[in-house]
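Both complexes shown next keep subunit A, but they swap its partner, so subunit B is in the first and subunit C is in the second.
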Partner chain A sequence: MLEIKNLHASVDGKEILRGIDLRIGDGEMHALMGPNGSGKSTLSAVLTGNPMYEVTEGSITFNGKDLLSMKPEDRAHEGLFLSFQYPVEIPGVSMTNFMRAALNGKRRYHGEKDLTAAEFIRLMKEKRTLLQLDNKLANRSVNEGFSGGEKKRNEIFQMAMLEPKLSILDETDSGLDVDAMKIVADGVNSLKRADTSCIIITHYQRLLEYLQPEIVHILYKGRIVCTGGMELSRRIEAEGFDWVRNAD
Partner chain B sequence: MQIEIRKNDHKIIVDDFSASEMRMCLEEGATVDFYNIIDSDNMNTAPRSLSVVQHKQSTFRFHSVNIKGGSSSLSLSIRHEGDGAACVLNGCVVAGERDRVEHNIHIDHQAQYCSSSVLYKYVLSDEAVGVFSGRVLVRKGAQHTISDETNNNLCTSRACRMFTKPELEIYADDVKCSHGSTVGWLNEQALFYMQQRGIPLADAKRMLQRAFISEVLNRIPDKSRYAHLLSEPV
Partner chain C sequence: MSNELIRQTVEKQYEYGFTTDVHTDIIGKGLNEDVVRLISQKKGEPEWLLDFRLKAFRHWLTMTPPTWGHLKLPEINYQDISYYADPTVKKPQRTELDPEVEKTFEKLGIPLEERLALGGVAVDAIMDSVSVKTTFKEKLQEKGILFCSFGEAVKDHPDLVREYLGTVVPYKDNFYAALNSAVFSDGSFVYIPKGVRCPMELSSYFRINARNIGQFERTLIIADDDSYVSYLEGCTAPMRDENQLHAAIVEIIVKENAEVKYSTVQNWYPGDAEGRGGVFNLVTKRGDLRGNGSRLSWTQVETGSAITWKYPSCVLRGDNSVAEFYSVALTNNYQQADTGTKMIHIGRNTRSTIISKGISAGYSQNSYRGLVRATASADGARNYSSCDSLLLGSNCGAHTFPSIDVKNPTAVFEHEATTSKISEEQLFYCNQRGIPTEQAVGLIVNGYAKDVLNKLPMEFAVEAQKLLSVSLEGAVG
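Right, the complex of A and B next:
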């Protein structure tokens, strides 16, 4: 699915990612943890092609293709999805128009015809039910005036609509109440296929208990310093990151 | 061209762009919706002017839509002579290439309990030039005037230029007036968010521009007058 080799990236001339190597196979779920400011969101931004970040070294291959040479929208069309840590409000653009443009953008890229209005409405309804998202939210402008938790649920709704191959969930669990967390986790689990993969960025154990990732990485100062299983996330929950800092 | 609107009449006037100078007088209680919708058929780049005199309790609404590109220049001058007169001016402009779009507005509040509400939005790209000047004058006798004037602009290229000059001159002491203008860029974070979802950059830009002017379009009562100019349905 994804292969990152020796990735270095900087913002405003300051190096944030300092040599990342990461392989994610089809159907795998990985957790990415690490203290605040270690570079987790930067890695998501670089993967999705955010123009604010400059890649200075290294390569990323996504299903055999050179990801770094692709436009952000084409990366999405190839099946890359990011649930943003801070979803963006877009006043004046309705969720419906936004979602239709996104879906049809992907379909056109793959040489398919646009969805008919009826097909689109049916799909919206089906996925909205999955995330228990209120119809009213779907009629509003994208994320405008949504509560913190509604924004996060709306991200997973979009993931459900787009059915990506690789999803990055950047702190989707923060701001969710206990019930919403379960809805989101069930949603993510139900979208799991043998050929889809996931990177879960989180600070907490709860979502990971629902999703049961096979592999846990710890990112520290722009490098993956430790890789293991769920015992790593449990240790972080119990002890924090001091042992990682001390080992550094 | 001189147009008289009789007492309590409601007239819809659709600008055919033939006259370079128009005058209009609204008698007591008269209402006018004036549609100034520019499309490729009626393009007139010569400077034009419209002067409106409003008597008691009359309402003048002006709707200007120039979103398909093309240059235009219009001076609009409104005088409130009778108490309780109201005017609403809506303008939206989407200009590119080497277009130059100019709106000069002059509102003269001479009577009491009058109101004016001005909202103009420009989206500029390429080497387009936008000019907005809006002077609202509230004379000494024009107590209880309520006036707001807003000009918001979006620049989407380095070479485009916007000149904006909202002015408010008040000589009465019991009034509620505001005016202001902004010039901004497309929201980069929103653009990236849309691209990440698979919306091509050019489409994302178009959607944000459309969202920006929708506030003006929503203030225009008869959508069918401009609907044909939009790429997506209303």
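Right, the complex of A and C next:
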């Protein structure tokens, strides 16, 4: 699915990622943890092609294709999805228009016809029900006036609509109450298939208990310093990151 | 902005920039009393109308162009323009319309054959100085509705024209209004009788075709007591390197409990990416809400013209009258727009609303200018104004010049204004969902303008949305 080799990236001339190596296979779920400023969000930004970040060295292959040479929208069409840590508000643009532009864009990229209005509305309804979003969603402006929890559920709703191959959940659990977290986790689990993969960036154990990732990485100062199973995340929950810092 | 985007922009320019090769009778360049007489004579006008023109012309000679607009308007040589061009003069025998003219309007998406017409829209098609065809005239006449070219109205309904012409926009009103009053050629005339609800949308489509001509159309709409009409106006012009002058007047009279909706999608040729050519759109539009309980709304989507100087206004004379102004003005490249409205509250308990959305890109300058006034008699007058500006890029300008003048202590006027930019975060969010930047800008701008676009009739709203996106191609990269 994804292979990152010796990835270095900087923002405003400051190097944040300092040699990341990471392989994610089909159907795998990986958790990415690490103290603030370790480069977790930078990695998700670089993967999705955010122009604020500059890749200075290394390569990323996504399903056999050179990801770094692709435009952000083509990366999305190829099946890469980011659930934003801070979803952006777009006043006046309805979720319907927004999702239709996104979904039909992807369909055209793959040589498929646009969905008809009826097909699209049916799909929206099916997916929003999964995330327990009400029928007002269709006409609401993208993220405008959404509560923190609604914004995060709306991210996973979009993920459900676009059916990505690789999803990155960047602190999707932060700011969620217990009930909302369960909705989000159930949503993510129900979208899981043998050929889809997931990177979960989080500080907390709770979401990981719901999602049960096979592999946990710890990122520190722009490098993956430790890889293991859920025992790593449990240790962080119990002890914090001091032992990672001390080992450095 | 990437080279690819620049290339796309240059290639996908103005869609309506073609010219029509049709025999056109154009009078010589220049302006004097003889030219005014010649126009009047060509149109076979009665003496009183020639008098009106001559008075206006003599007054115009004493005036100077207004300079208060936030515009760099080059000096116009009024002797270097032709004031009358007639493309219908040499039509083939026994056909109603020159096929070339008919094809032109077909290409513009305005079929002049009634059986092909857009559902529920009657059209008055005006090319250069002459109305070439008005559709559904007979059908409307069954209800007593008069919809014809201004020239025909002068011949067939002289009393109505004489009673109302110049009563909303007097020829002394301003420099361009005086010029128009002297040399106006054709335009549309609408009369809706008492108690009649016009069953179709009425529309005028203005097309400038000939070179070096000025278009001076004049539209007069009268809505008698308890009547209703929705009126649409569209305009395009060929791409030419030299500027073209368009100085129009629209007068609307709204009587007791009558309602008029006037919608414009203005897409005159805006000039090229370097600012060469384009139409100077210098227009006076005003509605007089004479009757108690009368209503008038102006909705405009302005994307074209090199220079726009235009303030569709309302005089709220009747008690309880209601006026609205909804505007989206988009400027790109080197376009300049100074546009807004005047709301003059005279009657009691009159209400007005102003929603203005300016969008500036490229090196353009976009100004909102508005006046809200309550005279001493305007007890309980209310106004709400909201003026938003959206900037795309850092080389363009957005300006707001609101003025409020209140002579009545019971009047309540509110004004809100915002300026915003499309953020990198918004664009990247769209990109990440698979929406390319160009399309994202179109979506965001349409979202920003939604409150105004929603006021347009359906067919127009769809056109306007496309127009906003196309006009911005390449504006952000």
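In the analysis below, the second predicted complex is superposed on the first by the 248 of 248 C-alpha atoms of A that agree within 3 Å, B and C clash if a C-alpha of one lies under 4 Å from a C-alpha of the other, contacts with A are read in each partner's own complex, and residues count from 1 in each chain.
Definition applied: a residue touches a chain if its C-beta (ideal position, glycine included) is under 8 Å from a C-beta of that chain, and two chains touch if they have at least 3 such contacts.
Every value quoted in this text rests on a predicted model; they were computed, and no experiment measured them.
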Fit or clash - subunit C, subunit B, common subunit A: clash
Which superposed partner A:P213 touches (first subunit B, second subunit C, both, neither): neither
First, second, both or neither for A:P35, with subunit B first and subunit C second: neither
Touching partner for A:G222 - first (subunit B), second (subunit C), both, neither: neither
Partner chain in contact with A:P87 - subunit B first, subunit C second, else both or neither: both
Stretch of subunit C, among 43-51, 79-87 or 331-339, that runs into subunit B once the two complexes are superposed: 331-339
Where subunit A meets both subunit C and subunit B, residue numbers: 48-51, 71-73, 75-77, 81-82, 84, 87-93, 97-98, 101-103, 105-106, 109, 141, 158, 162
Residue numbers on subunit A that touch subunit B, as the complex places them: 48-51, 71-73, 75-77, 81-82, 84, 87-93, 97-98, 101-103, 105-106, 109, 141, 158, 162
Subunit C-facing residues of subunit A, complex: 48-52, 71-73, 75-77, 81-82, 84, 87-94, 97-99, 101-103, 105-106, 109, 141, 158, 162
Subunit C to subunit A touching residues, read off their complex: 423-426, 428-436, 439, 443-444, 446-451
Subunit B to subunit A touching residues, read off their complex: 187-190, 192-201, 203-204, 207-208, 210-212, 214-215, 232
